[in-house]
Amino acid sequence: MKKRKFGLALSMFLAAGTILGACGSDDADTSDSGEGGNSGEESGGDFTVSMVTDVGGVDDKSFNQSAWEGLVAFGDENGLKEGTDGYNYFQSASDADYVTNINTAVRNDFDLVFGIGFLLQEAIEQVAAQQTDTNFAIVDSVGKGDNVASITFKEHEGSFLVGVAAGLQTKTDKIGFVGGVESDLINKFAAGFKAGVEAVNPDAVVDIKFAGSFGDAARGQQMAAAMYGAGNDIIYHAAGGTGNGVFTEAKNLKKQDPEREVYVIGVDRDQAEEGALSADGKDYNVTLTSMVKRVDVAVQDISKRAMDGDFPGGEVIEYGIEEEGISIAETQDNLSQEILDEVADYEQKILDGEIEVPSTLE
Amino acid sequence: MFNRVQKILIPVISVILGLIIGAIVMIISGFNPLEGYSALLKGAVGDSFYLGETIRQITPYIFAGLAVAFAFRTGLFNIGVEGQLLVGWIASVWVGLAFDLPKVIHLPMSILAGAAAGALWAFVPGILKARFRVHEVIVTIMMNYIALHLVNHLVRYVISDQQNTTERVPETASLKSPFLETLTEFSTMHFGIFLALAGAIIFWLILEKTTAGFELRSVGFNQHASEYAGMNVNRNIVFSMVISGAFAGLGGAMEGLGTFGYAFIHSAFSGVGFDGIAVALLGGNVAIGVVLAAALFGILKQGALIMPIESGVPTELVEIVIAIIIFFVASSYIIAYVLQRFKKGAK
Amino acid sequence: MEYVIEMLNIRKEFPGIVANDNITLQLKKGEIHALLGENGAGKSTLMNVLFGLYQPEQGEIKVKGKKVNITNPNIANDLGIGMVHQHFMLVDPFTVTENIVLGMEPKKGVTIDMKKAVKDVKEISDRYGLKVDPNAKIAEISVGMQQRVEILKTLYRGAEILIFDEPTAVLTPQEIKELTQIFKTLISEGKSIILITHKLKEIIEVCDRVTVIRKGVGIDTLDVEGTTPNELASLMVGREVLFRTEKKTAVPKEAVLEITKLNVKDARGVNAVKDLSITLRAGEIVGIAGVDGNGQSELIEAITGLRKISSGSIKLSGKELSSLKPRKITEAGIGHIPQDRHKHGLVLDFPIGENMVLQTYYQTPFSKMSMLNNKEINKKAKKLIAEFDVRTPSEYTEARALSGGNQQKAIIGREVDRDPDLLIAAQPTRGLDVGAIEFIHQRLIDQRDKGKAVLLLSFELDEIMNVSDRIAVIYEGNIIAIVDPKETTEQELGLLMAGSKRKEAGEDTHV
């Protein structure tokens, strides 16, 4: 009897969790559905384009969302409607849905299908090999196939720039880095960042740690607490949802002691929003700056090329500072003019090829 | 407590109630429920491609459901199916990659490696429960996390050279079937479903037809009487967990050798193991029930992917429907009560 | 004449059976009224109707002459009807007081006024002579004490009419005496009592009137004065009943069970069996008499291999058992009818058929190459059901659905059928009616006559005296005396069970 009751309680708990979970992520579609309506001045003909998200979904405040914004912008510009005969997205509930969603996109006759995130690489390759009449693009990874365009970013360049800012800003000469899952991609962030810090502040130490997850905010907060506790005053996160925990911890510390200088460097998008807080009636922001990765720019660019018949199948397109695919955030309230000048200086040096930013940790 | 008819009626009524309440939610949110559900149904079984995908979805649900149900029949709560599934997945892929053998040997060996790994993973909570009375729920939950991070480590540093995914398993260890794929217009359907159905039959055979199953059921219903009757309760606990884990590991092997064909770094749990609890519950912990419940889950989950594009109803709605179904099955007492009233009224 | 309760022409049906058919029961104020019937005769159903758990299809209930409609137990409570259940409904980790006030706690703001609660409980317990420690935890007090708590619970809720469901089934002879005293106090305080029982002796001793029901039908209501146990028994069973089980003199042969210097620790690690030695011979029944908690359970668990022994030896026909697993011991030739049939004897969710092979399912012909042979299992079950008169719709019926007596018959059938050299029967007739008791006693004697040894453990002195060939009295884990039932009295046994030495026993009786 006891067991039966326990089972009941457990299943109630599970049921409640599912209901809550479902409610929590319900706003994705409602916020986006209105935007496809404006008919543009220029018709895109019968070109159609779609994207398949990873498990993050289009409201992940990160690259899925950014990619979708790019697709919406592309649609607006070319008079496409949201839907099966314009542009659309497919949301994946689990890793097993990638192939299904990509195939469904193909079967709905989309001309170009984006796979957002390196998790979809295998799936894109697999379907691309079967469906040779459709063009595919994979973001953040390099995929095989003549009908597959690979979109990568020079994250190390942007990370270098925020590294310069961090190296100049730090008071303790201790700077943290929280990566999501250790991988070549995340190592690019770490390598560029470290090089940037060292270029302007050779005494500073960069503490590189990985959370083992992109979606574990609690773990992120825990790691941030340890890092700030050990004297780091700036943490650069390249950890998606895990990074939200870093923001939480920084904001908590700031709330307790508004005098204390703790900063987070955001990633992918301008994360100034995530760092805002008010303490004792005054507004603060713990976001020092962000390394912005313009997935939207890349998505728009590739879509345009595909529509124009210039699809870069089989190629790897790298978006860096030069291609406007990488930059530091527009919000620069927390950075002094000297630092901004210095950052601009280094940006120029990268553009000029004077500095070759490393993309791997040695 | 409940008779046979009620045992069948309760899940059926729960499903109907779940669908009705889901329809109400759709109406409130401004969608047409008929359109929504027909889109869902079309997305699940509407053409051969969708059907193939649905069948592929069902496969791991059957194994996960069988795993939970098997342990439950012996009175154990295996919350660790998720972890056992992950280790089964990596083990099957590992064996698939490590050897170069003819298919008749290689494929069974890879599948069995998955089963063995899952069994081993469940052996730990089993032995801890048997020897030290450590509650299996706690241990299995912990083991899930160990599995997740261990598997990620193995993928990155042991099986692959710091990659996010392993190589694809060779054809000799693959469950993929070009025939089934062509038949279903390039769906990811693979041979796993046949193994899953065989698994359900084995589940039934073990529990209902063997002396070992007799002991397991007896221990599940009444440990004391079983002990008095000379059965070794501790051995049965371990045995039950091991078989349960083997089912879970097979579920993982289906993903590793069939659906994906490789292993990769999981940033979070796949959720299949946890859904397995719901599947077992809905299926009343019997083989045929688990298969039917898994089919329902597969249809709902697959249909949910297509529902937005066909009807604009967001996929999250399906999660709500599933949650409501589970809620009603869990609170089956309410339905039983209403049924009784209803009978009285009829009389 | 004033009746406090009148249940007139009550009829209650369940699918397929009529549990109560036209039963009338009238309770006078200040009387103890017995409700007598075999198990399954419909006593509990009738009382559940009174208590609001079931609604009758026909008939009416009057309380103090006014017609009432009792649709749930709360209404029964409000009408002053309280029930002391056979299986206590107490919360073990709570104290006596907490259990008594549960659901009706005196409040002080939002918190429970524990002081007032303790005071109230003391007051009631003094008034009715129900001595309890208000602050003791339920888990720590004896069964008799727990029953008092149940009685106090009903009194605390203002009960005027108390229903007792088989109250003596779980009590020691001393506790039964005390309960009788409690009954008298309750009556003198103006309460009325309905006593559900099938023990004729109790009725004769304490009751004023008795209503007999048989197979759901009210047979008669008569004054206890002027009736005899035999008359009541035949009314209840519907035929003549023999009270003294007929048996030939035992012819004990070779030793079957030899226990020497046995020491066993209980669950708390305390020595429950101390240096116990006893020998059982083939062809005799040895009864173990003793107050509950004197090492009986531990002794049986040690013999059957369910509990490790600390030292000593247990030999069955010369073979040492103490290091063997329970299964090996079963196979060596021991049958065991456990004290708690629900917990230890049966898997209630299993069909009767599977319960019949609970120890033998792995042996041929029930199992072939690790597969169950359901045909053979059901064949065996059918045979045993017929042979031991287990009343069940079929061998596929879940054991849970059977009445206590039929469950017990099934267990006995299963154990006796294996024809063990030693049959251990612990409280084999607990809670059963006269007919079933007779049947079971006869089966035990049959085993003896077949040359087997039987170890009978019982808290019912009648049973021990009736069935045993020798009586071993256990006290604090040791056998302190072995007596011949023909040469002893209940009084002597009672004293021995309380720990007096045999020599003194004679002197004590004079006091």
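So that you can tell them apart, the chains are marked A, B and C in the order they are listed, and the count of residues begins at 1 in each.
Just so we're on the same page, a residue touches a chain if its C-beta (ideal position, glycine included) is under 8 Å from a C-beta of that chain, and two chains touch if they have at least 3 such contacts.
Please read all numbers here as calculations on a predicted model, not as lab measurements.
Trainee: Graph of touching chains, which shape: line, ring, star, complete, other?
Mentor: Shape = line; chains linked end to end, path left open.
Trainee: Whose C-alpha centre lies nearest the centre of all protein C-alpha atoms?
Mentor: B
Trainee: Taking each chain's centre as its mean C-alpha position, how far apart are chain A and chain C in Å?
Mentor: 72
Trainee: Taking the mean of the C-alpha atoms as each chain's centre, how many Å separate chain B from chain C?
Mentor: 46
Trainee: If you average the CA atoms of chain A and of chain B, how many Å lie between those two points?
Mentor: 32
Trainee: Could you list the positions in chain A whose residues touch two or more of the other chains?
Mentor: none
Trainee: Where on chain A is chain B touching in the complex?
Mentor: The touching residues are 3, 6-8, 10-12, 14-16, 18-19, 21-23, 25-26, 28-29, 33, 55, 84, 88, 90-97, 99-101, 103-104, 107-108, 118-119, 121-122, 127, 130-131, 180-184, 212-216.
Trainee: How about chain B: which of its residues touch chain A in the complex?
Mentor: Interface residues on chain B, with respect to chain A: 49, 53, 56-57, 60, 72, 75, 77, 149, 152, 156, 162-165, 168, 181, 185-188, 255, 259-260, 262, 264-268, 270-272, 274, 277-278, 281, 301-302, 304-306, 308-309, 312, 314-317, 319-320, 322-324, 326-327, 329-331.
Trainee: For chain B, which residues are in contact with chain C within the complex?
Mentor: So the residues of chain B in touch with chain C come to 208-215, 217-218, 221-222, 224-232.
Trainee: Contact residues on chain C for chain B in the complex?
Mentor: 304, 306, 325-327, 329-331, 336, 338, 343-350, 354, 358-359, 361-362, 367, 370-372
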